[in-house]
Amino acid sequence: MIRKLINNPAQVVSELLEGLELASNGAIRSVGPIGALARAVLPEGKVGLLIGGGSGHEPLFPAFIGANMADGAACGNIFAAPTPDVILAVTRAVHRGKGVLYAYENYAGDVMNFDIAAEMAAEEGIEVRTVRVWDDVASAPPERMDERRGIAGGLLVFKIAGAAAATLPTLDEVVRVAAHARDNTRSIGVALAAGSIPQTGEKTFELGDNEIEIGMGLHGEPGVRRQSFASADVIVDQMMQHVLADLPFDAGDEVCLLLNDLGSTSFMELLIVNRRARQVLDARRIRVHDTIIGAFCTCQEMAGCSISLLKLDDELRRFYDMPARSLGFTKGKL
Amino acid sequence: MIRKLINNPAQVVSELLEGLELASNGAIRSVGPIGALARAVLPEGKVGLLIGGGSGHEPLFPAFIGANMADGAACGNIFAAPTPDVILAVTRAVHRGKGVLYAYENYAGDVMNFDIAAEMAAEEGIEVRTVRVWDDVASAPPERMDERRGIAGGLLVFKIAGAAAATLPTLDEVVRVAAHARDNTRSIGVALAAGSIPQTGEKTFELGDNEIEIGMGLHGEPGVRRQSFASADVIVDQMMQHVLADLPFDAGDEVCLLLNDLGSTSFMELLIVNRRARQVLDARRIRVHDTIIGAFCTCQEMAGCSISLLKLDDELRRFYDMPARSLGFTKGKL
Amino acid sequence: MLPRHLSVPQTRQWFILLCQAMIDEQDVLTRADQAIGDGDHGIGISRGFSAVKLKLQESDFATLDLLVNAVGKTLLISIGGASGAIFGSLFLGGAKSLKDRTVFDASSLADLLEYGLRAVQERGKAGVGDKTIVDALQPAAERAREVQADSLEKALAEVVFAASQGLESTRNLQARFGKARPLGERAIGHLDPGALSFTLMLRHLSSLLCRVAD
Amino acid sequence: MLPRHLSVPQTRQWFILLCQAMIDEQDVLTRADQAIGDGDHGIGISRGFSAVKLKLQESDFATLDLLVNAVGKTLLISIGGASGAIFGSLFLGGAKSLKDRTVFDASSLADLLEYGLRAVQERGKAGVGDKTIVDALQPAAERAREVQADSLEKALAEVVFAASQGLESTRNLQARFGKARPLGERAIGHLDPGALSFTLMLRHLSSLLCRVAD
């Protein structure tokens, strides 16, 4: 018996997308088969930004469609990359003559389906470029960076790509900025308990009563290693160690800090995690420009969080600071 | 063994508040004993808005301190109203010569402690007025409205009160607008699984495997009645029935709709709940001006959600639409 | 033979012994508040009396009102929630009746409980039958007035009995105040947590009297 | 005696029978993908072959390439995830080798698997030993080429054996692609889900041959 606020488990994706469309009051509409959503109003001559991936990680991806954010999203089934026909339908809808940037998380299924769609789009004369997010430092060593998984740091990359696509005139420039943000973003997660797949109720992984896993993947893919449960400070120290060493982040750097709930970890716990993360950063003389705390990139009711750091320079700060509005993420300017 | 990202369970409140202060980069500072937080910069002559209550429901209350939101927050221990000394310290910090509005949720502990603080403030020459939030339609019959509990609808009242306090010149006017928002707000929750108290790991309530409880209180106080688990649509229909009949909300009304995660219910499920809620509202020709979806007023890792409706008029819409910025809630204007 | 009354220092020592006893009641009170509330009463009472213990150990008090006022103020700013305001008001109200007094006897007990009850009812508006602390506090205050001429030890035994009857009466009541209110009939069968902690307090005061040094 | 080869309508019926068999493998494939992936492979394969079954039932096909292309296109737009792209590419690639052919015999099987393998490797870049579908597909394609002169029934039996050996070889491999990759050694001891579903597909094709009407 799956205790979730859903109806027919097989209809979860179509119903959640319908709910999103309704919540947007017309600003977001379906543009093809189930899973294809785009902004209803898009200015001519805009570089298009298309994000997407498997469902089940909401707000990621469709709830990041909006002003100065993504123009459209291709959503697959739960934990499954979207199919090329869905991606192509969104590509057509967001194309305004200046080409389209695909920005998505680096999973085998996503890479292959988005590549197929990009080839189909090229046949229709739509120029497509791709930036893959691979911010999870625990998923592969630095020398095999392009084998790394994408997790919550994708929000920071999409946010900056959205601002760039809303202001820069060419696809090349938007791709450069988005890739630059991707290159400056590092993340790591910790899992305390598994979420479950809505259709089957099956847990995505098993952890012992006294076990946690640092580096656990978003879809429950096993992480770096299992270890015994510890206090927040002990866990955060280890996570920060991994992330800071990877870029590396050095004294004098300025960063944005994202503390992301993976599903059932409270805002209270994220604040306690932030307390330790800031102590670590302050001790290393790394300044924090802005902090985002909440559930942006989840895995159903999975307990745990991820910490993401984006190293800023003047260019990235300009696009990061721009206001943005979407159902799942809003950056205000008063 | 309490599997949460915390350190010493007895330090949870002081640590979460320290984490919030750090996240604010100086915009929010401690103004007295543990639990007393306020904005560092407050314009002279502003009517002060002070919110507060027990901790454990984050983002509620301290994460709603910010521009066009609350000026300060008095935070108690987990599920316990703040003490008069904490409330008084915040009162002094946010007082700018125009008096202070206390806005909080209608629980016995809060009422008594805030009243004691208000009396202490009066002795120091600070005028204090009070608006209590009692939006939970399941907690008492309409004829005993002032015995009702406050739940997630408080966010809508605090948001409007914040906008009013940032623009209106006198305490009387701010109180009138805040009370008007409170009078037009109705909510109801549904519980699928209990959260646990961080200090003890004890569950806040017990539900049978096949049971849910519509009208369950925020602190796990038992609700209207227990019933067997059902699909989202069946549950939402019952919840909307309760809420719509209570004001009542009629055809032609315009509302704001808040879908609030109580802790471990996914954004995906809230979108599916929204789908049904909109179907019910559209069928009754009730227009939705704006929809807010997320975790704003929670109970640790409790599974379930609440639905809140705010009936708008021109005045309330003006204050609702004003931009606002806080760590837990942001309303953008591009 | 137990003393007919206590000096201020002896009362202070008596209260310090009470604190540890109340701290040890955390689990009992947590379970009581889980049944019909939000489960935090035990933590609150334990936190409150821990703070009082520190407060009383670090200073002396010339008169009873200063001592009892310190207890009330400390409970008020450390427990939080409904019982913080209630227990704080009880002792702060009670202290007003003990102005400049230096002997804690049965009449002091009667005055403390009478003024305490008045303060609690002014603050919380609850009466007997509403399934709150008042259901134990009122009968205790009334009994204390009746036995104010007895020895402190004898008076306490009577007051404990009256409070215990009041506590037991809460089992079959529906709550009209606090978090148990919306339960309706589902509150029946459970004791009120506030009435329980108040009654336990009186029981410990009674049993600890013998350990107060001459 | 089983037919040495199948007409296009017979091949369509043969594939429709295959669809139901693959739908029924959902739980086996779910468990396989839970062990070293994200647990969705069973749901995806079941969804894909349900869509193919509908597609093939609603229309006829003049030639093998049109039939096999329809299977590939449908899998591509219904499974999603890595296996959607992989299984889609396999059949879409294979279809190119069957242009205007109307007889499905052992040589058609060999062509389909060879072109299918090429398309899968172009798309996914994986080779034998990377713990993916290729570990079963490559040996199957090679064996099919060797027995392309035999009857379809005999060839299939050989191809199933080759695929099964390839599948079993994945048990002791670490993954170089897909969600099992970060597992490192922890992937050892488990079969690759994609190799498993591909091998099951061939086994069902082999056992279902006898049920194809003359």
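Think of it as A, B, C and D in the order they're written, each chain with its own count starting at 1.
The working rule: a residue touches a chain if its C-beta (ideal position, glycine included) is under 8 Å from a C-beta of that chain, and two chains touch if they have at least 3 such contacts.
Since the model is a prediction, treat every value here as computed from it, not as a measurement.
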Least step count from chain B to chain D, where 1 means the two chains touch | 2
Of all chain pairs, the one with the most contacts is A-B
Chain located farthest away, centre of chain B as origin (C-alpha) = D
Whole-Å gap between the CA centroids of chain A and chain D = 33
Compute the distance, rounded to whole Å, between the mean C-alpha positions of chain A and chain B.
-> 28
Centre distance in Å when chain C and chain D are each reduced to the mean of their C-alpha atoms | 77
Which of line, ring, star, complete or other matches the graph of chains that touch?
-> line
Full enumeration of touching chain pairs = A-B, A-D, B-C
Once bound in the complex, which stretches of chain B touch chain A?
-> 1, 3-8, 12, 15-20, 22-23, 25, 55-56, 58-59, 63, 67-68, 190, 192-193, 198, 209-210, 229, 231-233, 235-236, 261, 263-275, 278, 288, 290-291, 293-295, 298, 300-301, 303-305, 323-325, 327-328, 330-334
Residues on chain C engaged by chain B in the complex (per definition of touch) | 30, 34, 37-40, 43-44, 47, 76-86, 88-89, 123-124, 177-183, 186
Per the touch rule above, chain B residues touching chain C in the complex are 33, 54, 76-86, 107-109, 112-113, 115-116, 138-140, 147, 149, 197, 199-200, 202, 204, 215, 217, 219-223
